[in-house]
Amino acid sequence: MPFIPHTEEDVAQMLATLGVPGIEALFDEIPAELRCGDLPGIPAGLNEMQVARLLAERAAQDKTSQCFAGAGAYEHHIPAAVWQIATRGEFYSAYTPYQAEASQGTLQVLYEYQTMMANLMAMEVSNASLYDGASALAEAVLMAVRANPKSASKRVLMPRTVHPAYRRVVRNIVRNQGIELPELPYDPATGATSLEALAAYRGGDVAALVIPQPNFFGVLEDVDALTDWAAANGALAIAVVNPTAMALLKPPGEWGGRGADIACGEGQPLGIPLCSGGPYFGFLCCRMEHVRQMPGRIVGATTDSEGRRGFVLTLQAREQHIRRSKATSNICTNQGLMVTAAAIYLSLLGAAGLSDVAAACHGNTLALLEGLTALPGVERRFGAPLFHEAVVTLPVDAAELLKLLARDGIVGGVALGGDYPELGSRALLVCATETKTRGDMDAYVDAVATLLRG
Amino acid sequence: MSELIFEISRRGRCARAQKPAAVSGRSEIPQHLRRKAEPVLPEVSELDAVRHYTGLSQKNFAIDTHFYPLGSCTMKYNPRAANALAMLPPFLAGHPLADATLSQGLLACLHDLQEMLKAVTGMSAVCLAPAAGAQGEFAGVAMIRAYHEARGDSVRMEMLVPDAAHGTNPASAAMCGYRVREIPTLADGDLDLEALKLAVGPQTAGIMLTNPSTLGVFERHILAIAAIVHDAGGLLYYDGANLNAILGKARPGDMGFDVIHLNLHKTFSTPHGGGGPGAGPVGVGDRLLPYLPVPLVAKEGDAYRWLTERDRPHSIGRLSAFAGNVGVLLRAYVYARMLGREGLPRVAEYATLNANYLQKKLELAGFQPAFPRRRASHEFIVTLKALEKAIGVRAWDFAKRLLDYGFHAPTSYFPQLVPECLLIEPTETESKDTLDAFIDAMAKIRREAESDPRLLHDAPHELSAKRLDEVKAAREPNLRWRP
Amino acid sequence: MPFIPHTEEDVAQMLATLGVPGIEALFDEIPAELRCGDLPGIPAGLNEMQVARLLAERAAQDKTSQCFAGAGAYEHHIPAAVWQIATRGEFYSAYTPYQAEASQGTLQVLYEYQTMMANLMAMEVSNASLYDGASALAEAVLMAVRANPKSASKRVLMPRTVHPAYRRVVRNIVRNQGIELPELPYDPATGATSLEALAAYRGGDVAALVIPQPNFFGVLEDVDALTDWAAANGALAIAVVNPTAMALLKPPGEWGGRGADIACGEGQPLGIPLCSGGPYFGFLCCRMEHVRQMPGRIVGATTDSEGRRGFVLTLQAREQHIRRSKATSNICTNQGLMVTAAAIYLSLLGAAGLSDVAAACHGNTLALLEGLTALPGVERRFGAPLFHEAVVTLPVDAAELLKLLARDGIVGGVALGGDYPELGSRALLVCATETKTRGDMDAYVDAVATLLRG
Amino acid sequence: MSELIFEISRRGRCARAQKPAAVSGRSEIPQHLRRKAEPVLPEVSELDAVRHYTGLSQKNFAIDTHFYPLGSCTMKYNPRAANALAMLPPFLAGHPLADATLSQGLLACLHDLQEMLKAVTGMSAVCLAPAAGAQGEFAGVAMIRAYHEARGDSVRMEMLVPDAAHGTNPASAAMCGYRVREIPTLADGDLDLEALKLAVGPQTAGIMLTNPSTLGVFERHILAIAAIVHDAGGLLYYDGANLNAILGKARPGDMGFDVIHLNLHKTFSTPHGGGGPGAGPVGVGDRLLPYLPVPLVAKEGDAYRWLTERDRPHSIGRLSAFAGNVGVLLRAYVYARMLGREGLPRVAEYATLNANYLQKKLELAGFQPAFPRRRASHEFIVTLKALEKAIGVRAWDFAKRLLDYGFHAPTSYFPQLVPECLLIEPTETESKDTLDAFIDAMAKIRREAESDPRLLHDAPHELSAKRLDEVKAAREPNLRWRP
C-alpha cells in the first residue's frame, strides 16, 4: 500500500481499540446508497519505477529547442541553488506558517521577500504573494476600488496594452462586483497608451488607472504622465510591471510626482521555470496607508518573550479565516514556495546581477529585432522604445509561421492577430532574454528567413 | 535568531557565477524612464546565500521532519518521486503559449488527470486551472451565478453557508456579489434541516457545503439537503477540503452536488510549500458544463490541445493568465497514478482509521471529543473547554506546548463553533507508532497543565523562537527591513 | 569572481592588516623562476548559465535507450528519495566525521549502513566503505594475508570466474607485496569454478581462496564446497558477491560449515547510478576477530558525557593518519556519500523489497535468455544455474553486434572474447534487471534477430 | 538522540511504491544456494525513511551550514550547479562498458578536464581514474617503482618522506613495497637539506613532498631538493593536497616533480560527502608517461574513446573496475570551466589572503603561530602549547568549544610535529566577515579558558551530543546494532 505504513498487526490493534470488525464499519454513517464501488475510470496503481518511466516517456515527447516567446512568461537562467534549496523538505513540505515558532524559516524568507519586492518596486510594503500576475492585477483593481476614498465610482481604466489574458482575468474576477473597466486605446504608431484617450475621463470619477510597464507589446509607457494624470484626477495608479525590467526602469514608487499607489505583476521571471504556465506567483505592493486593504498573507517582524526578533503572519484581520465574507479577498493558500525560490534568486543575483540580466535581455531583443527586420518584408511595428519584447509585422501569417517553426522545436513567438485584430494576422510578438546567444538569434533569423523564402 | 540576508550583505559582494555575460551596451531606453538608484537587494556570495537559506530551512517544522496533525489541511507525505518527475527538464522548459505539438506529453498527463478526477468525484467534467481551493471556490460560485443569469433568474442573490464553514466559502461568495446567509449546525454536528428549510427561497442561489464537514463528521442528511436546495431552485457547491475522508468511498457527484472543487495539495498530496502553490480544480455536473473555466485539455484523435475562450463561449473564462499551476498538477498526476484504483480508496480507509483510533485513544486519555457519539471522518475535534475553565490553560497553550514535544500543533480555534478546540487530522500516511507517541505527549501535557500550567503558558521552550508577540506585530506593523 | 566573496574594501582592509601592498606580495616566498604566467591551455571562465548549457549539450549527445549490460554495473530503479536526501547540503558538503559531535548525522547513517551490510552478508562487522568492488577485493586479499595466522605463504587462489577487471586490479594493487595469485580454471560446461582444480593446492600453504557469487558469467558457484575447502586447508574464504543477489542467495556468513571469513563486493546495485563507472562504493565485511586487520573507516557506538548514545569513528589505530607506514591500508577518503545513498535505498526497499528486486532480475534474465536462445544460432553457453546474467553464444561476432545495437542507443551486453579467448569472439554476456518489461526484452530480442538476419 | 532506523522498524511495514511489479515466479536457483532467513533490514514506510534521514542530516555541520576551517581539507563552497549538471539523466544512465559512441558527450568533458589539469600542473599527461588522493598516491608510487624496475634498477627500495607528511604518504609507499625513511624539518618549516643529502643514495626510489607543506609554508628550496633527489637517481612525487595554495601561481611540473596527484575534492571543490567520494587524478612528466594507470580518454579526430591496458602495455594498469569516480570528475569539470583561466589563479590568491589575514589577526589576538616569520600558504598552524602548560586546556578542548560557537573545528594534532596545534585553512570562499566572526570566537574562548576552563573541557554544550567517549568506543567496539 503506497504511502500507508500500517502493518496487519497495527490494523488489528486499532480496530480492537475501536471495537469494530473492520475498517468498512467506520464508514457506516455514509448512507449506503451513496457508497461507490470500483472506480472504472481509473487505471491500476503503478510503482515508482513504472510511473517514473511513464513520465520520462511523456517528457521526452516535449522538446522545446529554443524559445523566443515572452508575452508574460520569460525564459531566464535559474541558478541551480534556487531549486535545490527550495525543494528541501523543510520548505517544500511545510504548511502555511500559522504556528510561527515552528515556522521561522518560512516566515523569515517571506519577510525578506517582502523587503526585496518593496525595494525593487520602490514601494512601501509588499504582501507575501498572490497566484499569478493576472490575478494579482485583479486583486489590485478590487483593492483600489476599496482603497480610493475620493472615488464613489467603481470605474477602473484599463489600457489595451495590458496583457490580453490579464484583462480577461480581471474582468472575470471583478465582473460580479459592479466594477467598470473601460479600455484605453493605444497610439497605433508608438504602441504606447494614448494620453489623448484619457481626456474623455478627465474630471469624471475614476477609481483607478492601470499602467503597464513595459506593456504587452514590449513598449515602454510614459509612466510619469499617466501616474500624474491619475493623481490629478483622484484616481489611484495601479502599476503592472515586469520585475526584471525594474532593475533598469524607473520603479512604480517613483513614477510621476507621487509614485504609483499599487504595484503588481507576475513574479515568474524571478527564478521560476516556465513550466507551461505555472506555478508562478503574483506580487502586490502598496503604500503603507493602504496596507489594511491589501489581500493575501503578510509577514511582520515582532519579538518573542525574550525580546528577540521573530516573524509572524500579521494583519490577519483582513483575511477570510477571520473576516469571512468581509475579507479583503478569498485568497488562502498562495504561492509560498515560489516566493521562497524568488527570494533565493534575488539573493544570488542582487541588484547588479538583475540589472545585468535586464540589460542583456534588452540588448538581445534589439539585436534580434535588427536581424529580423533585415529580412525582406519584416518590419518593426511600433516606434516607441521597448524593453525585451517587440512586435514585428511579417510578410506571412504569423500563426502559420509558428507552426512551421514548432516542427524544429522552436517557439518562435506569439501571434497577435487574435487578441489585436487591428494588428492583423501577420503581427508577431518576439522576445530574446539573456539566455540567447548571438548564435541562437542568428539561427532563429535564418530559420525564419528559410521559411519566408518558402 | 538568524540575521536577515540584508544584514549579512556587503556593498559590492555578489554571486559572480550568476551574472550574465556582457552584451553590447546598446539600449534605447530613454533617460527619463530609467531607474536612478539601484534597488536595495541582497549583496552576498553564492555560499552566503546557500548557507543562509539552508540554515533558515532548518527552522521549519515540515512533513519531512515532524508529525503535522493540522486539521482540515491534510498534511500527508508528499512523494519525492512526484517532485523529481514534475521537474523533468522538458516539462520545466515548456512555454505556456507554445504550439500544442510541443507539449503533447504534458497535455496527455493533464488530460489523464482530468479523467481521473472526474471518475473519483462523479462529475461530468473537470477544469484543472484554478490555482488553489479559494480560486476553485470562486470559479464554482461564479458558475452558479452564470447559470442563474443565463436562465434570467437574477433575483437569486443569496448564498447559504453553514456556520462551521471555512472562511473562504463566505469570502468567495462575496467576491461573486452574493449575500451570505449562515445556516446553523445541530448539536450532533449535522446541518439544521429545519433552519435550512426556512432559509431557502427564490433568493437562494445555492449552498456551499463541506462533507465531511469541518466538524469532522459526515453530513448524514446530504440527500435531504440536496433535495431542499434543488427544490428551491438553488445549486449545491462542494468544498473539497475534506475529500481525503471519502476518496473512492463516496462521490460528491452522487450526493447531488452540482459543482465541486478539490484541493490537490491536500487530497492528492502535492506539497504545501510553506503556503502554496496549491491547485484547486473544479468539477461540474451537466447543468454547469457550459460555464467551466478555461483552459481545458481536449483530446482529439491522438492529439491533445488546450480549449480556450474561443472553444467555450459560455465559460466564465480564465482566472489566471495561463493554465494554472501546471507543475502542481503534474505532481498530483504522479501521485494518482501511483495509487491507482486500488490505492485511492485506501487513502480514505486509513485516514479514517487513524482519525477514529486517535480520537478514541485521546478520549480514553481523558480528552473530550466534540462529537463523541459520531464516527470521526479523517479528522475530529477535541475541546479543552473544561481544562480552560478549571486551570485557565487554553487550546493555544496546549498547541504551543506540543511543539516542544516535536509535534506540529493541530488546528486551533477552528471551527469557531466549538470552544477551545483542537481540530486533529492525522492522515493515512502516519503510523500507529507515531499516533501513540502523539497520544503520550498529549497525556503528558495534560498532566503538566495540572501540575505546572506555566510550562504551557510560556511554551514553546525548545524551539528557535520563544512565544512570539502577535499582538505587537499587528499593532506596530514592521513589514519590511530597513537599514 | 565566482565563489570569492571579497569586496574591494575587504581586500584593502586585509592587505592593510598584513602590511603588504597587494596579494602578489603574499607569494614572495615562491622563487621567482617558479612563478607561472597565464594558463594558455585553459579556456576563459563561463558563468553558470553558459556551463549549464555546455553540459546539457554534451549530455544530449549521450543517449542510452536500453541497457542489457551488467558485468559489474547494474541498472536498477533508484527511488527518488535517495538522492534528493543524499544531496542535501548537510550530507553532501560535510567532511569525514572527525569531529563526532558535529557529525552525528553522517556517523549514525554509517553505523546503520554497517548494520545493514553486515546483516545482508550475515557477517559480524562491516566497514564504512572502500572505493569500489575491485579495490575492495584487493583490500580483502591484503587483509586475508595479514589475518591468516595459519599461513606463512602469500598465496591467494583466484578463480577465473572472478570479474576480469577485478582480477587485474587485485594484481595491480598487491603486485609489490609479494603476493601470488594463481588462477583457478572453471568448468567449461557449467561455467562454475572447477573443484577439481583445487586438488593441486590441497595441503599446500594457501592464505586465502576468493569465491565469487554469482560469478562473472552470472553463474552460481558451489559456495559451500569452496568455503569448506578453504576451511579444511587453512585458507581464509573471501566472498566477492553481488549485494542484490544476497537477498535471495545464501549469504557469505552461512557458506559451508563456518561461513566465509571476509565478504566484499561492489555496492553500486544498492541505489547508485551507473554513471559510466563511478562513483560507486566497495563494501567489506568480516568476522569480529579480524576487525583490527580491516582497512577503511569504521563507526562505533559509544556514549556522551550524559550517557546518551552517540557515534564516533573508531579503531583508528588501524589507519594511516595514526599508523602511517604500518597502517592496514593507505585509504583515507572513501565513498561516504554513496553509502549514505545505499542506506536510504536499503531502508526504502527493506528485505522484502530487495528480495523482490532480486527475483525480478532473475526472472527477467531467464525470460530474456529464453527469447534470445529461440533465435537461430543463439545458445546458452553454460549449464549451471544463474542469477541475473547469462553468457550466450551468437552466430556472429559479439563486438560487431554491439556496435550495431549502439546505433539505436542499445547497450546490448558485453563481449567476452577479449577477456576469455577460449569462449571466442561470439560470446556475449547479457543482463536483464527489474527495470526491464516484457516489451523491452521482446524489443531487444527483435533487434538482435533483425541484425542476425541482416 | 535519534532512534536508529532499525528501532523504528516494524515487521511487515514497507515503502510499497518501491516494490517491483510481480514477475513470473520462475527460478532456477537450487534450494541449497538459497537464503533461508530474510536479512534484518529496515522495515519502514517511505515517510519514515524520509523523516529519519532528513532529521539525521540536520545533525551535521557542513559547508552549506557552517564555516569549516579544517586545515589540509580545503572545505570550500561546492557549487550547486556542479551537482545539478553532473546528475543530468544521460550522464547517470551511461553503462561503463557501453560502446564509446554512446558517451561522446561525457568523454569530451573528461578529455577537456585532462587537458586543463595538465595545463594547471605543468605535467605531460593526466589520468583521472584514481578514486581519491590515497589511490592517486599509490598509483604515483607504483609508477615510480615501475620506472626503476623497467631500468633494471631494483635496489631502489626506499622512499623518503618528510616527518610532517600526511599519513597516506608512508602508507602508500609501504603498499608499494617500499621502506619509508623520514626526513626532518627545520625550525623555519623547510625541509632539512643537509639531512636529505645524507639520506639519498642508490637505495633512494624517490621522495614524496607536499608543497606548500602540511606546515602551511611553501618549501622554498624545492629546486635544490629536486636536484639532490634527481642527482641520486630518485624521482619526486607531489602530494596535491595543498595545490589550492598555488593554483595558477606555480606548477609542480616546473618545480621538478615527476609525478603528482590532485585532490579534486579539495582544489576543484567537489563535495566531501561526509567522507567521499573524492577523486585523485595523477599527472606525470615524460619519464613516467608509459606507466600511467588506465583508463585514459583519447581524442582521435572528432571522436573520443577510452584507452585501456591494450593501448597502454606498460601501464601500471587499472586500480578500479571501471573509470574511477566519473560523477566527481564531472563536478570538477564544471567547476574548472566556471573559473577558467582567470578564475583558477584567484583561488590561490584569495585562499592565501584569507589565511594570512586570519593568522595575523589571531596573532594580534594573542595566539601563537607555529611559523610566525613565514608567509602562511592557504593554511597555517597555531600552537596552544603555552595555554596547555599554563591552564591545562588542550587543543582538542578548544576545538570542541568552537563547535558551540557555530564553527567547525580546525584540524588538531596534525601535523604531529607541532604540539597542541590547530591547522587552520579558511579557503577563498569565506568572507572577511566570517573570518572576523571566527577570530572573535577564538578570542572569547581564550578568555573562557582562563576564566572557566571547564567550559572547554566539557564542550560541546550546544550540540545534539555532548562530548563523546572515543576511548570507550575503541575499547568496547559496538560496530553494529543488534536487537
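By letter and in written order, the chains are A, B, C and D; residue numbering begins at 1 in each of them.
The working rule: contacts are C-beta pairs under 8 Å (C-beta built on N, C-alpha and C of every residue); 3 or more make two chains touch, one makes a residue touch a chain.
Computed from a predicted model, the values in this text were never measured in an experiment.
Chemist: Trace the shortest sequence of touching chains from subunit A to subunit C and report its length in steps.
Modeler: 1
Chemist: Out of C-D, A-D or A-B, which pair touches the same way B-C does, with over half the contact pairs the same?
Modeler: Equivalent chain pair to B-C in C-D, A-D or A-B: A-D.
Chemist: Across the interfaces A-D and C-D, which one involves more C-beta pairs in contact?
Modeler: C-D
Chemist: Using Cα averages as centroids, what's the distance between subunit A and subunit D in whole Å?
Modeler: Computed from C-alpha means, the inter-chain centre distance equals 46 Å.
Chemist: Which whole number of Å gives the spacing of the CA centres of subunit A and subunit B?
Modeler: Chain centroid spacing, subunit A to subunit B, equals 20 Å.
Chemist: What whole-number Å value describes the gap between the mean CA coordinates of subunit B and subunit D?
Modeler: About 48 Å separates the centre of subunit B from that of subunit D.
Chemist: Using the touch rule from the top of the page, what residues of subunit D touch 2 or more other chains?
Modeler: Residues 10, 13, 15, 17-21, 44-48, 50, 54, 58, 63-66, 77, 79-81, 83-85, 89, 338, 429-431.
Chemist: Where in subunit C do residues touch two or more of the other chains?
Modeler: Each of 1-6, 10, 47-49, 52, 56, 77, 79-81, 84-85, 87-90, 434 in subunit C touches at least two other chains.
Chemist: Just say which it is for the chain contacts: an open line, a closed ring, a star, complete, or other.
Modeler: It is complete, because no pair of chains fails to touch.
Chemist: Quick check: in the complex, which residue numbers of subunit B touch subunit D?
Modeler: 8, 10, 13, 17, 45-48, 50-51, 54-55, 58, 63-66, 77, 79-81, 338, 429-431, 433
Chemist: Of all residues in subunit C, which touch subunit A in the complex?
Modeler: 48-49, 52, 77, 79-80, 84, 87-88, 434-435
Chemist: Note which residues of subunit B are touching subunit C in the complex, please.
Modeler: My answer: residues 10-13, 15-21, 44-48, 50, 54, 79-81, 83-85, 89.
Chemist: Where on subunit C is subunit B touching in the complex?
Modeler: Going by the criterion above, the answer is residues 1-10, 47-50, 56, 79-81, 84-85, 89-90.
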